[in-house]
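Next come two complexes, and both contain chain A; in the first it sits with chain B, in the second with chain C.
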Partner chain A sequence: MIPRPHIDWFALAPMNALLAVSAIALLSAVLVPRPWRKGVASAFCALGYTVALGFAVALYVRSAHPHGVVADVFRRDRLTELAGIIVAGSGLLATAISYRERWREDHVGEYYALLAAAGGGMLFFVGANNLMTLFLALEWFSICLYVLCAIDRDRLGGLEAALKYLVIGGFGSAVLLFGSALVYGATGAIDFPGIAAAGRQHDALLLFGLAMIVAGLGFKASAAPFHMWTPDVYEGAPTPVTAFMAAATKTVALVVTLRLLITAFSADAHVWTVALAAIAVCSLVIGNFAALAQRGVKRMLAYSSISHAGFMLIPIAADSALGARALLYYLVPYTAMSLGSFAVVAARERELGVPVTFENMAGFGWERPLLGISMWAFMLGFAGFPLTGGFVGKFYAFAAAYRHGWTWLVIVGVLATLVSLYYYLGLIRAMFMRRSEDLQLAPIGGSPPRDALLQGAVFACLIVTVGSFFAVQPLIDLAKHASSSLPF
Partner chain B sequence: MGPGTAWYLSVAGFLFAVGSLGVLIRRNPLIVLLSLEIMLNGANLALITFARHLDSGDGQIFALAVMAVAASEVVVGLGLIVALNRKRVPLDVDRLSSLRG
Partner chain C sequence: MTTVLILLPLAAALVIWVLPLNDISAGALALLAALAEVGLWIQMLVRFDFGQSGLQFSQQRNWFSDLHVSYHVGVYGFSVWLIGLTVIAMAAAIAYGFWVGRERVRAYMGLLLFLTGAVVGVFSAQDLLLFYAFFEAMMIPLYVLVGVWGGPGRMAATLKFVIYTMAGSLLMLAAIVVYGLSQDTFDLVQIGQSSSDWIFLGFVAAFAIKAPLFPLHGWLPDAYREASPEVAAILSGVVSKAAAYGFLRIAITKFPDPAHHYRTPILALAAIGLIYGSLLAFRAPDLRGVIAFSSLAQMGLITMGVFAVNDLGLNGSVLQMVNHGLVSTSLFLLAGMVERRTLTGELARLGGMARGRPALATVLLTTGVISLAVPLSSAFAGEFLILAGVFQRGWGWALAGAVAIVLAAMYVLRLVSAVLHRADGPAVSDAALDLRPAELGVVVPLVACLLALSAWPAAITGHSFHDDRAQADVARGFR
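Showing the complex of A and B:
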């Protein structure tokens, strides 16, 4: 009788649900007749994300005492589950946004299979408790995303974006891996608590490894100076995939950065807090100034996502429980705003059949009031206006930096916010204050039918964006319970 | 008694450096993928060196898992290159520039 380790299947249920529907969606690409294929595959994908969301909520409620799963490679705690809730929600909304995307539909089964599998990898990633799980889960969802970018083989832009993402993403992963090897060499452990417990003798080796790991995670979070792939990939990928990448990939990369630095490298905090602050300032400056020059809405949103990587690295750099709460709170409205804004871009793209620019957004706010008003709210949220969760998120992030004694970082953040007003408000102006009669539009085959799924998804994002302003206390409590599973 | 840990580490670092230079300066996507593999193999060698040096199995298992991942990553990369080639795009990353702004 071989002794078997005890495995907490409940903790693994969200990923397993997504993997199961991924397999079913992949089989449907072969077994289900073509007319029903899209319906079946997307329904299963949505079902998988719903089940994963349910399990993540149940696990959040029942994980007050954090513990390791499967020989401690994976952590079951409220931080994992809160990030899991955000990822599963993003995946569900991305499934809804994808449904009416105009592309050649001979790979629709594979699309939903990969979308579900990417979510599963992300759920594993956020719970990673050693460097091997971290690397494997990172590659798991990254490879799914590379293929998703190129799912529409007819579009050269998608293929080009996928190849760029693969090369630069692969480069980032290799840097992360080499860093992991150096940390392993310096400490003799690959699990986070072991790394934290090891003595610090080989300082150069360890710090070099730490720097490479932070750089590798920076590639995934698209923080400057590791951001160069972001605008091209966000522009070239199908818009629903971009929405999912912008929301979910950034969430998991930031949550894992937080967990790794706090649990494994708290003894080296004097080094990485400064490094993260530098990366944050770089992202804020490059993201905001480059966004000013953009005419394409997807590229503008890509640079805005780079600048938000900077905003959300500020609370991590503050290295405090307040910072962790600020990050976890901010992620909720941030994912809703990114998903929603890319969904609105997708809607306009489907109407026009051409890439969306500031010029051809003219009059959109009056033509589609729900989408227009939602986009207004998302832009104001990105800029940090009151009545949206973005305001509270930025406020908390700056409060964490101020408490850490970094007033200069707060000043940089506020200046970056002021610069960002120009392009966020510029998009609102383009939507509501330019007359669409001036525009030479060539709609593809008349006005498309109302897309109820996409509008529902955008409405849900609007509710989260605005609701997170009014429901601050419950969300902060959630974030507080989640951050209490980290050793501050 | 073979060469010491430091030698193996130097080779690993050299492989990693060669790979990263290749990714950064070569223009043929096939060679770029090859260079990515060299980077990952450099990291693998470092992992195995440390595993032997520390006499712990973690690094070896890690390296095995990385090999599987590297293979699947390059499969996706080659698939993308084939798809690009079918669209009669020249195999030169400098000329993949329909996305810019």
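Showing the complex of A and C:
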């Protein structure tokens, strides 16, 4: 009898649920007749995410005392579960947004299987407690996403996007892996507490490894200067996939960055805080200025997501419990805003059958009031206006930077916000202030489909975006409990 | 009570947006809500105890505790008057918009009501972050109100307006973060005074752009010309007062030392704005231009009164805020009524409208005469107090103000005679009728308020600060 570690199956239940539905969805691609395939696969995918969400909530409630799972390669704590709730919620909404996507439906079973599997990988990623798990989970969800980007073969640029993502993502993973190897070489440990306990701070090898790991995670979080793939991939991928990537990938990459740096490298904080601040400033500058020039809405949102990577790195760079709270709070409205805004783009795309630009958003706000007003709220949220959680998120991020003593970072953030107004408000202007009669639209035939699932998802995002402005205290309490599992 | 005053218009806006009402009932509902808001304010005015110092009708709820931010609202004497100005002017604007009939009535009325709630919120917020939230929330409806229902140049005007004001607001946000965290509370009543010049300038930047003060008024002529008349009325009559309120409630109260250091430059800018605005108003070729630049001048005068930081100046500027709010609202609405009849606001193409149009002539002349500060008018009382206040800080300031009052007489009389007197302008035909009863119903209450204030200016000057001791009130931080 081989001795086995005790396994806390409850802690692994969210991933297992998603893996199970992934398998079922994959089987449905073969076993279920074609007319029912989409319904069955998507229903199971949604079920998987719902169950994962339920488990994540239950685990959050019952994980007041954090502990390791499976020989301590995975942490069961509230940080993991809060990120898991966000990821599972995004996955559920992404499933709803995908349902009526207009594409050839011969690979719909595989699509939902991969969507569920990617979610499972992300849930595993956020709990990773050693560099090996971190890398495996990263590859797990990245490979799913590479395929998801390319799944719509009819889509112009889809293959290009997937290839670009594969090559650059693969490069990012390689950098991360090499960095891990260097860190192992310096400390002889791959688990986060072990790295911290090795007491090898200021070791050149360790710092070099740390830099490479941060760069590897920066690729996933699409922070500048590791952002080159983002606009093309966001633009080329099917819009529901983009929505999921923008929301969930960024969430997990940032949460893992937070956990890794605080748990394993806290002794080197004076180095990485500065590095992260520099990356944040880079992202803010590049993201905002590049977004100014975009005409395509998806590309604009891609650059906006780069600049938001910058905004959300500010609280991590602050290296404090307040910063951790700020990040975890900000992720909630941010996820809702990005999912929602890409969902609105998806709706417009299905209506017109062409890529969505600022010009062909004209009049959209009046034609589809729910989607228009939601998009309005998302843009205001990105720009940090009140009545959206984006305002409080930015405020917290700035507060964390100020408490760290970096007033200059607050000023940079404020200036970046000012620049960003041009394109966020520009989209509102395009939607509401031009008349649709001025334009020649080319709908692809008939009235646009009634898409209750997509509209429901957008409405849910709207509720979260606006609700998080009012319900700050409950969300901050959640974030506070989650961040208390980190050793500040 | 205060919360109800903020929430009523917001709730009404939501109802109008969500329910599929037709144009008439949406407009009627909006008007009803606006009038109910006026009624609520009257009740507040009656129940407000002017003999007592400190915050009244206050309400505080936790918003997020780890940074000590709360939903804290309440009113002081002067905020009561500013809220009154807001609800009355908004009711007039909504009534006029309803009567004229704008496109997409539900959206329009909802946004106007939303704006009402936001402005009332600005005047009653007692937490810095809440104040900022309301201050920014004003921009959301204004952006769309100017951008969608404005004139042909609305896009450029909106962009300029937003970039200008947001630049100021975001500096204020940075200032709020630094100020609030360094004092460990965001509560406006409790937060201590600060002597940091940078924080002070962050706040001043926001208010100086919003007011606007010379030389930050670049957005003003475009925005006031392109917006629909009732929105321009609200912009100059009400929204600009949020800035003057900010000067009074935050800039001089919380930053006494920096306000003292920067008094001379700010007074100088205000005085330049006052004279320069008056000159521009005298040269402006159109109705709205005259009113817009006179608004720049008047905001300069009000700012001078505030930064005099003495009893006379502060009392005078509160009175003048209300006066100018009512005058500017009526004038913009009247300009809208004239433009509706003649399809132009160019003074060269107007003229002779007094003949056969007695109601228009009476109302316009009355408003004009009040606004040029004829003795016995409320504007005279306000301007006199402000001049007396700044005189104590140096006779030169009072001289600048006195010159500006002469200029005010020139541009107002030029406006009145260009519209009403002289020969019939080319744009004025016999088809241009006198004011309709509904239009009178919109403007006459505003003018009546002005006349009432002219009869009893002490209603405001005697009831804004505790015991009229404005300076002591400010020094105590209104506690």
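Just so we're on the same page, the second predicted complex is superposed on the first by the 485 of 488 C-alpha atoms of A that agree within 3 Å, B and C clash if a C-alpha of one lies under 4 Å from a C-alpha of the other, contacts with A are read in each partner's own complex, and residues count from 1 in each chain.
Here is the rule we go by: a residue touches a chain if its C-beta (ideal position, glycine included) is under 8 Å from a C-beta of that chain, and two chains touch if they have at least 3 such contacts.
All figures in this text were calculated on a predicted structure; none of them were measured in a lab.
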Winner by number of chain A residues touched, once chain B and chain C are compared: B
Which superposed partner A:Ala150 touches (first chain B, second chain C, both, neither): first
Which superposed partner A:Pro231 touches (first chain B, second chain C, both, neither): first
Touching partner for A:Phe385 - first (chain B), second (chain C), both, neither: second
Chain B versus chain C as contact partner of A:Ala162, first or second or both or neither: first
Which superposed partner A:Tyr184 touches (first chain B, second chain C, both, neither): first
First (chain B), second (chain C), both or neither touched by A:Ala452: neither
Which superposed partner A:Met433 touches (first chain B, second chain C, both, neither): second
Contact residues common to both interfaces of chain A (with chain B and with chain C): none
Residue ranges of chain C in contact with chain A within the complex: 62-67, 69, 104, 129, 132-134, 136-137, 139-140, 143-144, 147-148, 154-155, 158-159, 162-163, 166-167, 170-171, 173-174, 177-178, 181
Residue ranges of chain A in contact with chain C within the complex: 322, 325, 366, 380, 385-387, 391-392, 395-396, 398-399, 402-403, 407, 410-411, 414-415, 417-418, 421-422, 425, 428-429, 432-433, 472-473, 476, 480
Of chain B, residues touching chain A in the complex: 9, 12, 16, 19-20, 23, 29, 32-33, 36, 39-40, 42-43, 46-47, 49-50, 53-54, 56, 58-59, 61-62, 65-66, 69, 72-73, 76-77, 79-81, 83-84, 87, 89, 93, 96, 98-101
Chain A - residues contacting chain B, complex: 131-132, 135-136, 139, 143, 146-147, 150, 153, 156-157, 159-164, 166-167, 170-171, 173-175, 177-178, 180-182, 184-185, 188-190, 231-232, 235-236, 293-296, 299
